[in-house]
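Listed below are the structures to be examined.
There are two complexes below, and they share chain A, which is joined by chain B in the first and by chain C in the second.
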Partner chain A sequence: MTSALAAELTRCHACALLCRLPGNGGRGGDGEHAAHGALCPRCGAPLHGRKPQSLERTWAWLIAALLCYLPANLLPIMKVTSLGRAQADTIMSGVVYLLLHGMWPLALVVFVASVFVPLLKLAILFGLLVSVHRGSRWRPVDRTRLYRITEAIGRWSMVDIFVVTILVALVRLGNLATVEAQPGAVFFGAVVVLTMLAAESFDPRLIWDRSEGRAA
Partner chain B sequence: MPAVPLVACHDCDLLTRLPEVPEGATAYCARCGGVLRRRRRDSIERTLALTLAASMLFAVANVFPFLSFEMRGRVTETTLATGVFDLWEQGVPAIAVLVGFTAVLAPLAQLSLLLYVLLPVRLGRVPWQMPRMFRLLRRIQPWSMMEVFLVGILVAVTKLVDMASVVPGLALWAFAGLIVVLAGALASLDPEAVWERLEVRR
Partner chain C sequence: MSSDAPDDLGVAEAVVTTRRRPSIVWLIPAVAAIVGAFVAWRTFSERGPEIEIQFETAEGLEAGKTQVKYKDVEVGIVEEIHLRDDLAGVHCTARMVKSFEPYLNEGTRFWVVRPRVAGGQVTGLGTILAGSYIGVDPIRDGTRTREFVGLETPPIVTTDEPGKHFVLRSREAGSVDVGTPIFFKKIRVGEVVASELDASGEFVSIQVFVHAPHDARVNSGSRFWNAGGVQVTLGAGGVDVNVESLASLLIGGIAFDTPTESAGPPAPDGALFTLYESLAATRRETYAQKTHFMAYFDQSVRGLQVGAPVEFRGIQIGEVRDVKLEFDSASGQFRIPVRFEIEPERIANLGMVDRTTRREGLDRLVEDGLRAQLASGNLLTGQLIVQLDFHRGAKPAEIVWNEPYPQFPTVPAPLEEITASVQHLVKRLENLPLDDVVRSMNGTLEAAQGALAQAQETLATASTLVGPDSPANSELRRALVELSDAARSVGLAADQIQQQPDSLLFGREGEQ
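Right after this comes the complex of A and B.
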């Protein structure tokens, strides 16, 4: 089995056309982007054998996301004031609230979207990065599948951010009841955006380069 | 040139000879299972029709309030834009920008770019800066999160029903319809078919 890179070819990331990669010896490995300035003849997108500095950029986004993860979950995301009583809600207490009120299907949705998915994404990306660094040949098909899952589920973590927005907009009745957004929401939004960027920077083809044992 | 064209897999870079994929069929990578090529029936026409419908629903969804909230005789209504504006006023501009982008601007850009590219292409023309615009569409796609927003509305309403009465507005129904229609539009879009038409026209 040959990879496109070994044949000095590459698939244009924007329009999928198979293009020649000029000035590339067909070597695999980190930061493979030998075709400086080469453009896709059909759509004009820059051509790269592999996403440039994929591992470095993915690590950077991932570490930034990890730093935001704790404050996102520990700090309150919103403050509900109703008839003089103020109550601060974290992500987890929001889930518990839904659960206590017998709305377990919604509690499950919020738990999966806000707690489980971000953690799963961080864990998968971390695992993929480590496996590529170690040149692992372990189940590349499954690792590629994990990557596709990571890419697809990330957006759903935005649910809680939207909930805060809607509550803030609806519940503004002065002394009667108000909802205010809190710093936790900013960190939580940052985790969602940063993990999406991390997933986008990762190049799943690196999993296969190492499995083929071409990288030195 | 070889008789059977070569393609590379997006996910694992395997080179494969891929004969013409019939309309409505999908070719998968033999090594990693990634999609090599998915060809849709009447892709451009269907996507265009559904995008036009989605644009109308999008206008309704943004102009009318999607929820009104009543507590002790006092009523507040919210549209998408007021929600974003309130967050800005409260001093959390980062979240206001994020929500404004993912729930309003990205979907708006997505719909506009689809119309901008597909309408002329359907009529046999190439719009100005077409490759750049069509590539931009691909980049914006992941950030358009209206279906996630709808789930957010559902959760918010559930939290509020204890406190007061919540009345769904016109925009909410438009929203629900929009998500279905937009999903249909994106499912029938075959970007490679659009690129191929561009190639022929040159």
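Right after this comes the complex of A and C.
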């Protein structure tokens, strides 16, 4: 099976018009610079055989996300002041709090959405990048499926941020109770956004390029 | 480039390298790294020292939540609480803020602020809802330390409080406790900070704190006394009830006053004072000089108490210090030595300066008849006092200048004198010639009897004169009958006139 790139065909990212892309696409390389300066004849968007600098950008986003992941989990994300007693909670301490108070379904939701999913995304992206670099031919279908999962669940991690923002807006009872967002929330939001960007900049076709390249 | 192939010219092909500049996206992880590093640096740079505080109990303390506060500003947070190995208390590990580091010295005190009712005050009410916190009283100077022993009760006075500490020495603590208020002219000006036995175990050292500006009122002449509760003194002067304030009635109190005559510079911090047991005691103690005497009384001293006044013509000049009972086995007699003191300073201008001239002066006074005597101080309570006065007729005596106490001559109490004179009277009565008197009285009585018999006779004669059969009597009766007849006819005439008034003029009707 020949890839579209090998057949010198590419699709506009913007309007999905299938164009013939002249160049050394047959080389089966990244295809990033295969048609440097090529434009879509219909909408004028730049045409790329593959997402430009896909691996590099993904690495960049991923590393940024990893850097933010530490403070996101170590710093408190929310401070609840109730009757003069202030309590700052990190994500994990919130989960523990819920668990200790018998609300384990809620604890599970928070844990999955806020701790497990971001970590899973980081791990999957890291694995995909490494496998592409090594030109692994190991189960390309499964790896593509992993990528799709990563893309799909990315936005759900924002649940925590939404909870914090809603609480901050709603719980303004003066001395009785106040909720304040803490730096952890900023980092956590950054992790979510950065992993989404990383997933976005990764081109899953690279998985197939390598496996087919070797196969060919 | 022309269409002819390079191979044809035998020219080497240029190596085309695509110079890939690093993507601008790398800025993102760089920024993330910088921000992360900054946050990490800030977190660590603000991380203050970790300290350990020992408490007896961790009541109200929660790891990760309980704050350490100074003037209600958070200066640390309890990170860990664990039991001591010997189970005698708890260790609290607290992370302090960095700016507080210079104040973590040996004198710095920590305590748990809980709701508390003590010393007439309610404190820590805010912690009922907000939870307990650890209070701190920082000290700037001293050796740095990281381990502290927490106080079980909040300190009464924090180091930033303006005022002075004083030490009071007392024989016993009485109702004085930590937090007991100090009064000056019945205004609360301070508190007792600590009370403990001193090294010898003989005195109680009470540390008090007097707030500024009242601390300037304390000078070397100031006197502190125990003003706690109700002081009821039942003395020779009657019942004396004294209450400093309602608060002191309940929780005790110490009052102080500075006599106007003892003006001086304010006492330095930590000055030592004596704590008197009462206001009266402070007045007593103003006389430094005391001369002790011993007086032997042979009578009962019931009602004579230690502290009873020694008076001279109604003015107190000293007081009784001791009353004992002695048995002299040689003479087989009991005697009661009463030791009393006289404060010469109470007597203005005695004209005697040193001890020897005073001795001579006293000898002269005793020569003139100065004696000690028990007297009733209060008829109601039966209190006795020792009275000094001149007794001109007293047997000559003199002061026996014994050591340690000179013996003062005594005279019996007025009561004894009365008893003596009554006895004297009875003796006089015994000597009266009662028999003669009775005899002459008998004669008189006989004569009187004769006179009475004569009188009886006279009376009998009188009765015969006016007896029922006597002529006088019958004549009298007749006269009376006639008189009644006359009266009857007058009555008839009166009736007639009433019925016929004209009969007076015209005579009776029947006659016409």
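We adopt the following convention: the second predicted complex is superposed on the first by the 203 of 216 C-alpha atoms of A that agree within 3 Å, B and C clash if a C-alpha of one lies under 4 Å from a C-alpha of the other, contacts with A are read in each partner's own complex, and residues count from 1 in each chain.
The rule is short, and it goes like this: contacts are C-beta pairs under 8 Å (C-beta built on N, C-alpha and C of every residue); 3 or more make two chains touch, one makes a residue touch a chain.
The shown structure was predicted, so the numbers you read here are calculated from the model rather than taken from an experiment.
Once the two complexes are overlaid on the shared chain, A:R172 sits against chain B while remaining clear of chain C. In the superposition on chain A, contact of A:A38 is made with neither chain B nor chain C. Applying the stated contact rule after C-alpha superposition, one finds that A:I91 touches neither chain B nor chain C. Number of chain A residues touched is higher for B, counting chain B against chain C. Look at A:L125: by the touch rule set out above, it reaches neither chain B nor chain C. Using the contact criterion defined above for the overlaid structures, shared-chain residue A:I161 touches chain B, although it does not reach chain C. In the superposition on chain A, contact is made by A:A64 with chain C only, not with chain B.
Counting contacts by the rule stated earlier, residues 190 of chain A appear in both its interface with chain B and its interface with chain C.
Put simply, chain B touches chain A in their complex at residues 5-15, 31-34, 37, 67, 69, 71-72, 74, 76, 78, 82-84, 86-87, 90, 92, 94-95, 98-99, 102-103, 131-132, 134-135, 138, 142, 145, 148-149, 151-156, 158-160, 162-164, 166, 191-192, 195, 198-199.
The touching residues of chain A, when paired with chain B in their complex, are 1-5, 7, 9-11, 13-18, 42-45, 82, 94, 97-98, 101, 103, 106, 109-110, 113, 140-141, 144-145, 147-148, 154-156, 158-173, 176-177, 180-181, 185-186, 189-190, 193, 196, 200, 204-205, 207-209.
Residues 18, 20, 22-23, 25-26, 28-29, 31-33, 35-36, 39-40, 43, 65, 67, 126, 129-131 of chain C are the ones touching chain A in the complex. Taken together, the chain A residues at the contact with chain C in this complex read 33, 53, 56-57, 60-61, 63-65, 67-68, 70-71, 75, 83-87, 183, 187, 190, 194, 201.
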